[in-house]
Amino acid sequence: MTYIIKGETGDWELVIGLEVHAQVISNAKLFSGAATVFGAEANTQVSFIDAGFPGMLPTINSVCVEQAVRTGLGLKAKINKRSVFARKNYFYADLPQGYQISQFDLPIIGEGEIILDLPDGTSRTVGIERLHLEQDAGKSVHDQHPSKSFIDLNRSGVALMEIVSKPDMRTPEEAGAYLRKLRAILRYLETCDGNMDEGSMRCDVNVSVRKAGEPYRTRCEIKNVNSVRFVMQAIEIEAKRHVEVYESGGDIVQETRLFDPSRGETRSMRSKEHAHDYRYFPDPDLLPLEFDDAFVEAIRATLPELPDEKKARFVETYGMTGYDAGVLVMEKETAAYFEEAAKGRDGKQVANWLITTLFGGLNKKGLSITESPISPAQLGQLVDLVNDNTISGRLAKDVFEIMLEEGKDPAVIVEERGMKQVTDTGAIEAACDAVIAANPEKAQDVRDGKEKLIAWFIGQVMKATQGKANPGMLQEILKKKLLG
Amino acid sequence: MSLDRDTVRKIAFLSRIEVADDTLEPLAGQLSGILDWFEQLKEVDTDGVQPMSSVTDAVLRWRDDVITDGGIREKILANAPEAMDGFFTVPKVVE
Amino acid sequence: MTSLLDLSLAEARDGLRAKDFTAVELTDAYLGMVEKHRGLNAYITETPDLAREQAKAADAALAAGTAGAMAGIPVGIKDLFCTEGVLTTAASHILDGFKPPYESTVSANLKKAGAVMLGKLNLDEFAMGGSNQTSYYGPAKNPWKAEGSDADLVPGGSSGGSAAAVSARMALAATGTDTGGSIRQPAAYCGITGIKPTYGRCSRFGIIAYASSLDQAGPMTRTVRDAAIMLGSMAGFDPKDSTSADIALPDFEAALTGDIRSLKIGIPQEYRPEGLDPEINALWDKGIDMLKAAGAEVVDISLPHTKYALATYYIIAPAEASSNLARYDGLRFGLRVEGKTLDEMYARTRAAGFGEEVQRRILMGTYVLSAGYYDAYYLKAQRVRARIAEDFRNAFKTVDVILTPTAPTPAFGIGANMDDPIAMYLNDVFTVPTSLAGLPGLSVPVGLSSTGLPLGLQLIGRPFDEETVLRAGDVLEKAAGFSAVPSLVKG
């Protein structure tokens, strides 16, 4: 899959890297004992440490360390048994200490990788540069007062994992696939809930363009793009801007930009005189973070089956396509639903029902898989009813719709509404005879070679039996009666 | 090593300390004097010496992931020069 | 009441336990002195009501037999320790009106041990200075005066208020903090005892940070025994400070055996630079002789990187300070000077709130950490720091304790050196190397200068070996028999 911007001076290719800030799932903050729950009243989840009071000191939360290592293992990354916290110094209203405790030259996690499943069935590996632990800042609220910004420090000090990709992506689609895959891995690992609406996963996008074969050109960083769709849009728009600037003889300056989806543009966030100089240095309030192999292995032993492994197993065990398997494993709840429903059944068939029918149904009702009115067992039963010829495939769709509304077992619905398939040969023959008798010319046409008309006869008989005739038997009987 | 006015202005901005234009020059002189004094460190052979950021060779102790703090909004805001509706307030920030 | 004020901490403790007098009586005696010598400007905030309340509680605990090690002992707290509900300023305008809703671990430990807090003591602003002259609240004055002169002298710094108060009997003991000499140098200038323990011995939690990798709290007292007692109550592992050492707290007082036979005392030649005041040289020699006479073995040692310690310190400490002091932004506590924009508010607040020396160190620290200079200054200084620490490690392979002068001069006049930062920094020349290496350092008053001003010697020990330092200090103190007091105490 390629994505090329056709410029006046030739073809331009995109170079994309993503920095994802993923909020660590933990009870307490990275360096204080205050809670991390989203949506609490302003400044009620703040300790004096989070608010940067004089004399306050950080102490590290063990679970945040474990979560970072867990994520590192999930990304098949190098785990650094010794890492160092550094201060990133800058002033901002929601940064109470005047610095963010982060990691700089010695992060807890080194290089790793993520495999992207692309819609055309191919896959592509994107490198992870690093993952480091850092504190989140607070929140500034600008719309509460005409001349004031309001500061809420609830989020201040919450643990984040900054996950930095290599500049390995070349299309907006790949960036989208990367984010979806990363989110899936984090959610499988239960190290981040991946909720972009609540800001527990935020994305900075680095974009540059170049002509084929050129080294990298200057990149711009688009800050805080908060949905997969916006990330893809922002990349397209920013890349176009670069091409336009270059082709009109200009130059791109390395800077931080903001994506405005309503205007469909990116714009510069900070002017030059506000240039930052973060003055990173090792935080003297914290000692080096160290752990041993046993610690890492203990975490490795509790790793769940991750999307890539699950996908491979689905393909192997159920014989489904890689793409279908990729779809099923993207949310671990979906994968779990599938496995439950497929227990003792034809997985490919169940997967089909899930992907084509259940997803559509849930989508229409705005429900997630965990909210599905149809339990995995019920979906499985429906498949069983089709397979044992209790109902026809066509009627099964109707049964499904009723299940979606009423949540009842399919067998009950079939029983209640008399939807059982007719497999009594005599009854089907009688119905066929009646239709043939009523349409002698068409019957003759079939005999004269218009065999396609058999389908018409099938439809008529189906209609006469309210769709309950067994399609296979029906076809066989009709053929025998019309063609001998 | 001598600092010019612009450098001092830049450092002052990074430090968020307002420095009057007419004190940039004397300040630059003073700071340059101190920087010159630092030059003596060049005499010390530090090849292969690991930078020392802590005197202890201990490593970080970890705390348990339990909620032990927070829920003290009044105390958090009690010393604030300005607060409203449970928030700290500052002059409006426009980005 | 003079007799009560003449008691050392150890004597007062014993007297309280023997019911010779009450904590309330002792406290009232000291509150009287606090009032009498207010002109020394040793206190920023006096807390007499709180003191009397605590004294009563101490008497009750003494009566009930539940008294802690410091029960009823009236102490002053350097105004760098956050004290719950009591104004805490760091002697800076920028902390105007700040009443911490929390207590520092060290002051809480002292409280728990039954100490009575008389008030908050003056210091150099944010502990940056060696003469207490950078205080927003005006300089504390040294109770001592040179013979035949009425000129006010500095008490040293940054714990100048602490030293002045203990020397002038305005507190039986005081807390100090030491980053580059801020306990030991003022102790020497004011004729009292002060120990900077090993980095990590006392919790830094709740102490307003100056340079986090160097800051350490310690006691300032009249005698070495007093220092041992008080350190035992201040120190101890604190899980709230990641750099606090998780090691057992010894009984420091029990270490004062008076026996230093076979102890090896190192004498670093680098502390005898050309041009060193002959009086200081002589004092040092006197100290060497005293320890020898007590049976110690004296060994010449070399600490070759000593001369680079000051420049190293004045890179590292301001670098850390520039970051530590970023939180004073007018937003959550203290002074705010309004501005049209957030940046303007910051810049104006910090320009108005920080004094000249603090601003200078913030700017210097910002510069040495900034892009392009980090390696040349900050990283280089950290490497030199490693070599300085290595010097000490090597020395302690052969000696148990090191003896040096505490400061190159006696107390100087208020106003001196104010326009020459480097000249001012030179006062820390003998104390800074110990700080960089994180070692315990004790200053003991040993004699008087020709002008009648106190002079101190410093004993430096291995990490977490305050016991040996105190043991040697106790012997030195007894041999020196330093009994001089400032004339205002006599009068």
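Chains: A, B and C, in written order; residue numbering restarts at 1 for each.
In the analysis below, a residue touches a chain if its C-beta (ideal position, glycine included) is under 8 Å from a C-beta of that chain, and two chains touch if they have at least 3 such contacts.
Being a predicted model, the structure only gives us computed values, none of them experimental.
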{"item": "Most centrally placed chain, judged by C-alpha centres", "value": "B"}
{"item": "Pair of chains joined by more contacts [C-beta pairs], A-C or A-B", "value": "A-B"}
{"item": "Separation of mean Cα positions, subunit C and subunit B [Å, integer]", "value": "24"}
{"item": "Centre-to-centre distance between subunit B and subunit A (centres being mean Cα positions), rounded to whole Å", "value": "40"}
{"item": "Length of the line joining the C-alpha centres of subunit A and subunit C, rounded to whole Å", "value": "58"}
{"item": "Overlap residues in subunit C, where contacts from two or more other chains coincide", "value": "98, 101, 213, 239, 242-243, 322, 326, 329, 331-333, 342-343, 346, 366, 370"}
{"item": "Residue list for subunit B, restricted to those that touch at least two other chains", "value": "13-14, 16, 53-54, 56, 58, 60-61, 63, 72, 75-76, 88, 90-91, 93"}
{"item": "For subunit A, residues contacting two or more additional chains", "value": "48, 51, 59-60, 91, 93, 149, 151, 277, 279, 281, 284, 286-287"}
{"item": "Contact footprint of subunit B on subunit A as seen in their complex", "value": "26-28, 32-35, 41-49, 51, 59-65, 91, 93, 140-142, 144-153, 258, 269, 273, 277, 279, 281-282, 284, 286-290"}
{"item": "Residues of subunit C touching subunit B in the complex", "value": "97-99, 101, 199-200, 213, 239, 242-243, 245-246, 305, 307-308, 311-312, 314-315, 322, 326, 329-336, 338-348, 350-351, 354, 359-360, 362-364, 366-367, 370, 377, 379-387, 389, 421-422, 436-438, 463"}
{"item": "Subunit A partner contacts - residues on subunit B that touch it in the complex", "value": "13-14, 16, 53-54, 56, 58-73, 75-77, 84-95"}
{"item": "Parts of subunit B lying in touch with subunit C, wherever the complex brings them together", "value": "3, 7-8, 11-19, 27, 30-31, 33-35, 37-38, 40-44, 46, 49-56, 58, 60-61, 63, 72, 75-76, 78-82, 88, 90-91, 93"}
{"item": "Residue ranges of subunit A touching subunit C (in the complex, touch as defined)", "value": "48, 51-60, 87, 89, 91-93, 96-99, 149, 151, 277, 279-281, 284-287"}
